[in-house]
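Report on the following structure.
Letters are used for the chains, namely A, B, C and D, taken in the order the chains are written, and counting of residues starts over at 1 for each.
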Amino acid sequence: MDFSNFIPKHMEKRGKIVLEENLSILNKILKQRSIPDEGIKEELIELLLYNLSLMDTDKDPKAIRIGEREARVYTKLQERSVFYFNHGVGRSGNLIDPQPKAPGASIMYKLTNQLLESFLKKLGLKVNAIATPVATGMSIALCLSALRRIYRVEEIVYPFAAHKSPIKAISLVGLRMRLVETKLYGDVVKAPVEDIERAIKKGNSAVLSTLTFFPPREEDVVEIAKICEEYNVPHIINAAYAIQNNYYIDKLKKALKYRVDAIVSSTDKNLFTPIGGGIIYTKDQKFLREISLSYPGRASANPIANTLISLLAIGFKKYRELMKEQKESKKLLEELLEELAKKINERVLDVKNPIASAITTKKDPVDVAGKLYNLRVTGPRGVRRGDKFGTSYLGVYPYNYIGVNASI
Amino acid sequence: MDFSNFIPKHMEKRGKIVLEENLSILNKILKQRSIPDEGIKEELIELLLYNLSLMDTDKDPKAIRIGEREARVYTKLQERSVFYFNHGVGRSGNLIDPQPKAPGASIMYKLTNQLLESFLKKLGLKVNAIATPVATGMSIALCLSALRRIYRVEEIVYPFAAHKSPIKAISLVGLRMRLVETKLYGDVVKAPVEDIERAIKKGNSAVLSTLTFFPPREEDVVEIAKICEEYNVPHIINAAYAIQNNYYIDKLKKALKYRVDAIVSSTDKNLFTPIGGGIIYTKDQKFLREISLSYPGRASANPIANTLISLLAIGFKKYRELMKEQKESKKLLEELLEELAKKINERVLDVKNPIASAITTKKDPVDVAGKLYNLRVTGPRGVRRGDKFGTSYLGVYPYNYIGVNASI
Amino acid sequence: MDFSNFIPKHMEKRGKIVLEENLSILNKILKQRSIPDEGIKEELIELLLYNLSLMDTDKDPKAIRIGEREARVYTKLQERSVFYFNHGVGRSGNLIDPQPKAPGASIMYKLTNQLLESFLKKLGLKVNAIATPVATGMSIALCLSALRRIYRVEEIVYPFAAHKSPIKAISLVGLRMRLVETKLYGDVVKAPVEDIERAIKKGNSAVLSTLTFFPPREEDVVEIAKICEEYNVPHIINAAYAIQNNYYIDKLKKALKYRVDAIVSSTDKNLFTPIGGGIIYTKDQKFLREISLSYPGRASANPIANTLISLLAIGFKKYRELMKEQKESKKLLEELLEELAKKINERVLDVKNPIASAITTKKDPVDVAGKLYNLRVTGPRGVRRGDKFGTSYLGVYPYNYIGVNASI
Amino acid sequence: MDFSNFIPKHMEKRGKIVLEENLSILNKILKQRSIPDEGIKEELIELLLYNLSLMDTDKDPKAIRIGEREARVYTKLQERSVFYFNHGVGRSGNLIDPQPKAPGASIMYKLTNQLLESFLKKLGLKVNAIATPVATGMSIALCLSALRRIYRVEEIVYPFAAHKSPIKAISLVGLRMRLVETKLYGDVVKAPVEDIERAIKKGNSAVLSTLTFFPPREEDVVEIAKICEEYNVPHIINAAYAIQNNYYIDKLKKALKYRVDAIVSSTDKNLFTPIGGGIIYTKDQKFLREISLSYPGRASANPIANTLISLLAIGFKKYRELMKEQKESKKLLEELLEELAKKINERVLDVKNPIASAITTKKDPVDVAGKLYNLRVTGPRGVRRGDKFGTSYLGVYPYNYIGVNASI
């Protein structure tokens, strides 16, 4: 826009410099396609989104829309809620393919994926990545469906984890699930690697492993990646909230040296978006494309735009600070729990976990957590020793316990 | 809120009456759970959504959130985009189950479904209904997955239709597709009922039929529902933009007398939401619940809230007016096309369709549509006679043609 | 912003064309500085305002603000409410002078004034104009204060009108008011021109006349402008809601041939803004500048931006349509009132007025209007014959009456 | 709103508790009419404003508005910008009087004034207060106009201060200004008390004193209040940004023991609103009412609502913290300047000022500040010794200097 000749030249110049400075922040991102170091103000992000949405064909002021059925939205309230990307994202053929009706939304999506890749790269993960308009569970389903198409997988080996969504995802895409039961190793609950190995061999399998657990369950993605490599078996990792912590990132880095076909993480847990978006990343660009082909039709632009907003608004520097804080909080939590344990004659479970800890209790843990909940202390989870889903252990765990998190 | 004793009593009384009058509009809807006759103002809808979102536990001002990983959103911009329903909708177990962390979003979802049912009922469809947070294609996938779980369906009989998303949906959930090829009946392209019948018999089949077509394809859902009834075969109808027109609604009413397990429609095409939401409805409440169990995990609240906003903002009276207008537009379109056809020595295709018409052309239809597109007349679709996907006909269609819509 | 190389060239091209088309609407306005013929979409207006606000120095991302006391706003909610023009408008020296800290707001203000002038010109008023950040009453005060500074005016001759704000304006700036009483001419209440003439002669006077009245008061601005011309006496016209009607505009055109120093109108009554803004216009550009010098300090940017938004969103074509509608409504109102009057044996007052009519009543008119008010029919005003302020007549008017409007 | 019977009772109960807890925060404020201790979230503030705006008669869904000319706003964008208070605030008779058409806006205004009073009281100022919809300059004008009406004041004694707005305010209301020239006392520039005393005696005077200065000017409001008490002369204090600092508050407390008719402060400088609002406070409730009677007509609700938002969003606890921070920043600034002065052989001016400091310079100070400005270090002000307006001294000041602030 040309704002010349309204006010005296020296003021105009100043104004233009400030505007240019602001726009240059956006242009730099558009050019470098990398998560900015410093987070960006909301109003600048809005400006970017508004400009992009004005590229979508439903915004064409000169278009004569004969009987068009699309992208006509009843209220401003609704349009705003998708940042004016009324056409959504994706194409009937492929989620990440540019949509001819929506060049703006298509660029927005592409930019999101590129910033996401740069973000993961800066964290040490040299992968290709896409943001998905669905949360972790459905994103896993997309991966599994791609596995079947490409590798004729018929069965998913699932080392038992106390999460329902992945099991539902397996069911949605119509694969058989082969559960590998967990065993006790001191306080730790873990699926024996040799059992996983045995399960793999039985057919056209792939493994869906889990990285981010509550104690007492411990992860073993690197070992699984090794076996998958050895037996040439596809491997998806459910890494829901892994991106926020270096311990997990290191595990992923190591696993990626062996067989990992795709990793799925959540945007709400790692990037502070509202619930509804996912991230899928992998070194196997071809497989990533295949995953994107799994999605039937178009989807709301809201979750993608929200992932973009988070990447822009947080910035890499702040994200690293948040990661550092999380680490310190976890350390503090451990110290406090140890102290408390001594005082009340209980134990902190000896389980490796960079985010959560758990303390044994002789009381009814569900009752304790319930009381805390009523006191509106949310977060702590009480698990009874016999609760298979809580302990991730199909037998009876030695202790009742209460789990506490220190997440980002 | 108590606004007493700030201003003189008579003014206070007036103010309270006006406020009460406004709130009573909302309360009436909450009580009757029926789409309002008159559409509601955006600011009132916002008030409803704000009040509901203040019920979600992440809004608890007294909560002590120890290490909570959820519903912390980085910017106001993002929170607003989901109407502050940061927790999303659904539960890992079931899409429509209330989520303990999000009583507000759960009520919002329930209300949406109830208004949706009342809306469909008023249109003559006595069905149970749910809004889904995904568009038509993925909603069909949810139905198909439920079919497999309940009826052990292995194969989807698919009378050929020129839509990619349903085919993708079949692929996502890992079912076999048995295509029933279409044949020519004068200008009309149709899948022969006897071919569908034959296909059904071959195994553990279900049928995915289509109601809303572009010419020259004509629908046959009632006939298919009859065969499905006869052979006891499940039947899903893809009724993408059917709700806007009584011709289609009548077809659905008739089909529902026979075997129909679920009908899927779009919210953007029928209810003017941004792309991203779907509607699934059926007389079989148990099956509807099973469909909702297909969804793995939680989802963005945005598409559900947008469906609710449309229902509230449009109101039933206005919707009926829009339907009437659509009918009149279609009639006008037909007249204009007939006139044009005579003038340029072409024909309007003799195909029954309440929304779209098509006119033959001796020129290259893709070229013509492209020129129109460049003139920014969007809407018209040029289809070459050999374009299998365009004509829904695997052979060569007698004419090149251009399709034009007159949708709601 | 450079959105190149994200998506295939042909889509990118389309997107850029649509964006350019949208931006060209804004650029055309920035270039022509004329009210657009077609109204502009809200999102485009927002884009313009956002770009401008990013020119203000408080938005400078590189500025090091040592101890700055300005333009730091506590919530996004507040920033949005002034369209991010946190610095406000004006300079301590002059309301319409560019503010070095706020080049964006300064351009916004300048643009508003230029569009306003083009708007008035298109309506037939060749004047200079400024938008003020205060409503009619305070805008009149600014004019009166300028009169004193320039013409050493000591007394304002005020042909009696039933409006409190102008009287308050006279009082605020500390001028004496000389009331010219109205007399009865049939149904009409009017200030005798000869009385005004007599009042003028008595000192260092100026006249504050009124154009827009409720019946039975009738205006006489042209006559007053003639006398003011003759006696070389300054003349301000309170033309609160005159812009919406050609009858009034014609009166102003005629008056402007004689002595008119400034005309004041409201933005809420003529341009559908929220209450809070004014318009001052005149052929005397030097005096207009003097008026702008009356304002002590800076002011909220909100009323100015709201005037700009109205001009852009309505567009001239729509405004003319609204004017036409108003005229037709008035005609209809007159017919209905005549009919009613015959039926209930009352009279429609024989008073020239392009917007309002009045019907006599034998009942207590305040009571009738009150009952209507309680039935929530707002608008009608019941006036008792002895109500000096209601009738604009210091004596007793022959009838009780009820006034009804048909405004834009 | 009744959200019962949508979801299971235990979840419903939880949701209702959270909602109630949120509403109780608002209700507590409505009951206690006191600035909250803890700041309130934006979405809760919006909820309050939305509910209030739904009391205004233009929101009456049942009203039949015959020819109404008011509160019809063209775009949502504009409505939002005044928080839906389309009617504005004030009444033609009195700025703070409830407006029958706008019970909601009237309550909002009343609440703002009450919170403001509680805020000032907590700071130690037992005064009555009103928020004004205009900035400091115009607020001073309102006070001055009231002075004339009540005390027949004809002349304003103005101890010279380098601010244009107060001088403009005197001019707007048509009072004579008697300037009291400042003199040098070491580094300090001050108006001699005896000169003020002498000026007072000369006629129907009132004094407009200033509290918040840049160095080298020093304030003397307590002394002036004493003389005004002695000579029974009205006294207005321009205390633009005084509320943020205890030094100034103490001065006001002391002055209030003698003659102070009204104090004027800014909302943008003290309460982080966008520019456009003012605060007037005094122990003389009757005079405060008279001031509110000065305002001719209604005004935009935006500045009032923004003052309310700040009071609610900041909360008293945070405000006290900000005050503490300001004090510490000032201390740090002083130390840094002393250090710098030693290094470059200059002096920090020996002038008492709780917010700003100044350092002498042998270079051209305007040039230095200009260079800093171009380096985009905003804030510092370079003043040449001969600059009467900069130094507040009509003679030549001994030094060129650069002033630096450390404001809240």
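We adopt the following convention: a residue touches a chain if its C-beta (ideal position, glycine included) is under 8 Å from a C-beta of that chain, and two chains touch if they have at least 3 such contacts.
Just so we're clear, the structure is a prediction, and the values are computed from it rather than from any experiment.
Each step here moves to a touching chain, and the least such steps from chain A to chain D number 2. When the contact pairs of C-D are matched by residue number against A-C, B-D or A-B, more than half turn up again in A-B.
Chain B and chain D have CA centres that are 54 Å apart. Mean C-alpha position of chain B lies 47 Å from that of chain C. Between chain A and chain B the centroid-to-centroid distance comes to 28 Å (mean Cα coordinates, whole Å). In chain D, 42, 46, 57, 60, 62, 76, 79 are the positions where the chain touches two or more neighbouring chains simultaneously. Inter-chain contacts, as defined above, occur between A-B, A-C, B-D, C-D.
Residues of chain B touching chain D in their complex: 1-3, 6-8, 11-12, 14-19, 21-23, 25-27, 30-31, 42-44, 46-48, 50-57, 59-62, 76, 79, 84, 98, 100, 103-104, 106-107, 110-111.
Residues 42, 45-46, 57, 60, 62-83, 85-88, 92-93, 133-138, 140-142, 145, 148-149, 163-166, 168-169, 171-175, 241, 268-269, 271-277, 293-303, 305-306, 309-310, 313-314, 329, 333, 355-356, 375-380, 404-408 of chain C are the ones that touch chain D when the two sit in their complex.
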